[in-house]
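There are two complexes below, and they share chain A, which is joined by chain B in the first and by chain C in the second.
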Partner chain A sequence: MRYLDEYRDERLFRSQLARLTQIATRPWVLMEVCGGQTHTLVRYGIDELLPAGMEMVHGPGCPVCVTPVEIIDKAIALARRPNTILVSYGDMMRVPGSESDLLHVKALGGDVRMVYSPTESVKIALENPACEVVFFGVGFETTAPANAMVAWQARRQGIRNLSLLSSHVLVPPAVEMLLSSPHNRVQGLIAPGHVCSIMGTGAYEELAAKYKVPIVIGGFEPVDLMEAIVMLTAQLEEGRCDMENQYRRSVREAGNQRAREMLFEVYEVCDRKWRGLGEVAVSGLQLSAAYREFDAELRFGLEDISVAEPKECISAMILQGLAKPKQCGAFGTRCTPESPLGAPMVSSEGACAAYYLYRRHNGEMSEDECVPSGEGA
Partner chain B sequence: MCLSVPGKLLEKVDVSGVLAGKVQFGGVVRDVCLDLLPEAEVGEYVLVHVGYAITRVDEDEARKSYEYMQMAGMLEGELTAFPGDGPAPAIDGVTRSPDFVLPASNDGEPS
Partner chain C sequence: MSVREMPSIACPMPLPVKSHVVLGHGSGGRLSAALMRDIFLPAFGNPVLNELNDQASVSMAAGRVAFTTDSYVVKPLFFPGGSIGELAVYGTVNDLAVGGAEPQYLSAAFILEEGLPLETLRRVVDQMAVAARRAGVSIVTGDTKVVEKGSGDEIFITTAGIGVIPEGVVLGPQYVRAGDRILLNGPIGEHGVTILAQREGLGVSGDLVSDTAPLTELCRAVVRAAPGLRTMRDLTRGGLASATNEIAATARAGVLLDERSIPVSDTVRGACELFGLDPMHVANEGKLIAIVAPEDAQSALAAMRSVEAGRRAQVIGTVTLNRPGCVVMRTSFGTDRIVDMLSGDQLPRIC
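For the complex of A and B:
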């Protein structure tokens, strides 16, 4: 087994779809939380194959998309400092700040370096002792333990010229906010498999019980997602609201304890602003007291940078599942991956980028289906 | 961002106190940090995220759920509903009907 081909098998996928068609009697509205799952759904057109009336709503699970503009502006301010190397993931390079983006700063001479793994920033710091090296780390619970290793290694090895600009968010508080909203339409939830492989399943069991909503922890391949949709629909049809695990091959009930220990050694839970959603209580991570000396915002005095979202972008509604990308008047015209207005068009996991990549030519929206610009601000 | 890719752990090495490993993704072998998953054993599949192995891929669970799905499909007569069907695809030699072309995958290229 290679754990990929088997879950891209067309016949297995179609047999799951046939099961779904047999059991679904109502137009259920389901949400996939993770941007990786959104990408698979749109790439393979899975959401368009569902029985009539059933709908997939795309959730806020794209960490690049929910990173607030001011954090991007802080990264840009750091990248413009002399003798400073800003290190980050490729996804962050083109996310628009209020005036510029990191790639633009790099083109103008800023030392901005793209890495595959956060450990590379430790190497860069050791190789450049005369420079300040800042690792700009974003991500959900999946990525936070790996990013935490940067601070842990810096402290252990006494690396003085390395610090972190972090924007970490936690999934359950944001899901809770969406489910408790008076605008909520979501009746069943596909929970993010890789987040759960670290954090375990407990938090989602609590959410299912508290909000009486079925939750299935799902994988990322087409067969995984179709099976998760079948499991959710079966629960809804039977009137159940349990937490179930479709992604058993990678998610254990207890998660990865060692990764969680590393995460909470370095970070502590805090309130966090989400781009599009606003402030969400206890939904973020900040460096704990023992690691605060590695906080780039404190080291370089960036706490006061604060900016507003661009008015035309409706990413707030997209990220809450209240609008689809093609309902935005700027989609594909004034907002494209080359010239994005908002982060969901930039990130490879953003819903707008997925729609642009795979379905910008299918069926134009009529004027009255478009959401007026500015509503998402 | 949460994209993680399964790969086979080929060997474990200690690089100055950091537990690392060589992991094979299809035809590509990459160095991966095992600090968050020290219990991973050579020969096992692990999920790799931003250069770190984050969880073991359980072969028994994978096989069980795959076989369950195949069986559920067969019970409803769906696996034999497609033209040119033979028996259900074998786990290690997946066959696809010729009209189904999946987009090229980006395996081994986590972003």
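For the complex of A and C:
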């Protein structure tokens, strides 16, 4: 398949890996920020192929994971309201709140609808004038512009029965928090490609310069990630700390200006709580004054719902790259994707969930157990 | 269609079947009889059904009897490559065939939603009849109920099937041994992705067609060619991941799959990328895995490839002593990862 096979090509991957083995002389610690990148690394076992000592730690970039539980509880409260239609992406449906999830609320009669595009909620609102329609959207800078379209269209078309429950977070402030921490271990960063395709590369250039840490904007396929790892390692070995762009097929320096305009037309920057990390200054988006009337939390008086994180969960350490999922005593026992204690176990893009999904059994298989080559080819 | 109401067929002025299903069609009265006369009998008619008894009375060859049932609630009713009618026949036939049985008779029970166009029912029933003929089975008994509008979704069908397992054919996951080979009869994920694309109104162009098909001939060929056949399983909901996990769990053995040898069409891969799905979890309706002793792998593969439903068969993995109960995929990069069953429904990711 074009535009995909090239980036999963074994030979290309192997040649990048060979180059990495050639240039890496020290046990560098690198972090991939985005959950999509974590998923690919663990799914293909790329981190296990790195030269001895080199380590990948997994960053906070899974938007579903870092959404605070109280936002889920607010969505559930809305879905239980009579004459209310809650519209969201499929990924949010299974995320547990403090006592239920949206799929269960739906099963008990709540009107919960799954969509692929947020603007479908505009259509639903127009078709159901007697109902309140709430679009529930979370995500990073990547999904924010499309979610912003909901409020923008509602305002433009004067749709009174549509509002937004949103929890958007921004990547650079969280990365800055990690890099400025006295416990930071991360020596090089793979920045999230899709976020940069909207926001451009400027913020990461600043971070690289300020914290003297090389940053490579990376894609999401195995060859992308291996190339990004090689680029970071080359910088580290040469003593450089620049921002470089591996994901050139998607990311331009200026990003996507129209998407950004839409984003900042509707949203403004605010402080935001991240599940697992706590409050991070200027790391979130909220509806700006002109659009506040479409804020579901204000419209339905939901500001007071709050939930404490379970004490046993070490997600703050995981999300900062200070611990690996298997170092947690609850991993795979008291904490599973069906019943997660904390952020990284929630969505399949979270580090704990990826380890649970692909690696919960250890131990190598011997070569003679492999499928004999050529058989059935 | 209980037989007690059937004498009304003999009524000199039977009520004509109207254009839509009404509650009376399930009442067991004249409308039920008209439905039987105008829609079911012309399509399914066979000597056993035509007797219109409360039960079908059939003769079976000697041997053990395989017996299975399944319900069909697919939406939309019609999709590229098939319909709920074909699924209702092939799904049950395939459950029998993978047990090594020769499927013979089916029952068909319909739950219809009030207001369903009779033309839609007729189309479904006609396609069931064609499917039954293709699969070599007779639909010999059945039932129809009608529920109020909003209490169902157009048509739900439950079929049950029986078949005879020939002497000497003993299959089951408990016979699986380390070293056995796992064979797959063709590319995975086609049915699930086709349905999803239809449901979401996604205009995926190209060859996105459900793989709905009877597997009787294929199973027969494998049974004949491979005396060391351990077990077969058709891949429906939960896909290849669920089928292999179930076998690994029952056999208390490990399963090692080779990612490169599992066929997936470009269209299915593309659609899965778009929807955020893994083809390993996507439903199939004309695919099976067969687990055979290593010495029979090549003859079983050749047998599969000799029939239409198995042209693109592959050996996709081996049974191992390691990690009992666990399915592991060896990736194209030589690394291993667990292949898990899906938890809950398969939902798309958001980014």
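The rule is short, and it goes like this: the second predicted complex is superposed on the first by the 360 of 377 C-alpha atoms of A that agree within 3 Å, B and C clash if a C-alpha of one lies under 4 Å from a C-alpha of the other, contacts with A are read in each partner's own complex, and residues count from 1 in each chain.
Keep in mind that, in the parts below, a contact is a pair of C-beta atoms (placed from the backbone, for glycine too) under 8 Å apart; a residue touches a chain by one contact, two chains touch by 3 or more.
Please read all numbers here as calculations on a predicted model, not as lab measurements.
Visitor: Report for A:R8: first if it touches chain B alone, second if chain C alone, otherwise both or neither.
Guide: both
Visitor: Go through the superposed model and pick first if A:S250 touches only chain B, second if only chain C, both, or neither.
Guide: first
Visitor: Per the contact definition in the header, classify A:M93: touching chain B only (first), chain C only (second), both, or neither.
Guide: Second partner only.
Visitor: If we overlay the two complexes on their shared chain A, which of chain B and chain C does A:Q22 touch? Say first, second, both or neither.
Guide: first
Visitor: Pick one for A:E227: touches chain B only (first), chain C only (second), both, or neither.
Guide: Touch partner of A:E227: chain B, not chain C.
Visitor: For A:R43, decide between first (touching chain B), second (touching chain C), both and neither.
Guide: So A:R43 meets both chain B and chain C here.
Visitor: Both chain B and chain C touch chain A; at which residues?
Guide: 1, 4, 8, 10, 14, 36, 43-44, 63-64, 89-91, 116, 139-140, 142-143, 194, 347-349
Visitor: Under the touch definition given earlier, write down the residues of chain C that touch chain A in their complex.
Guide: So the residues of chain C in touch with chain A come to 181, 183, 200, 254, 256-258, 261, 266, 269-270, 273, 297-298, 301, 313-318, 320-323, 326, 328, 330-338, 340, 343-345, 347-351.
Visitor: Where on chain A does chain B make contact in their complex?
Guide: Its residues touching chain B are 1-6, 8-12, 14-16, 18-19, 22, 34-36, 43-44, 61-64, 89-91, 116-120, 138-140, 142-143, 145-146, 149, 192, 194-195, 197-198, 220, 223, 227, 246, 248-252, 256, 258-259, 262, 347-349.
Visitor: Which residues of chain A touch chain C in the complex?
Guide: 1, 4, 8, 10, 13-14, 36, 42-46, 48-49, 63-64, 89-94, 103, 114, 116, 139-140, 142-143, 194, 222, 337-338, 347-349, 357-361, 363-366, 369-371, 375-377
Visitor: Would you tell me which residues of chain B are touching chain A in their complex?
Guide: For this pair, the touching residues of chain B are 1-4, 6, 26, 33, 35-38, 45, 47, 49-52, 54-59, 61-66, 69-70, 72-74, 76, 78-79, 81-82, 85, 88-89, 91-92, 94, 96-97, 100, 102-103, 105, 107, 110-111.
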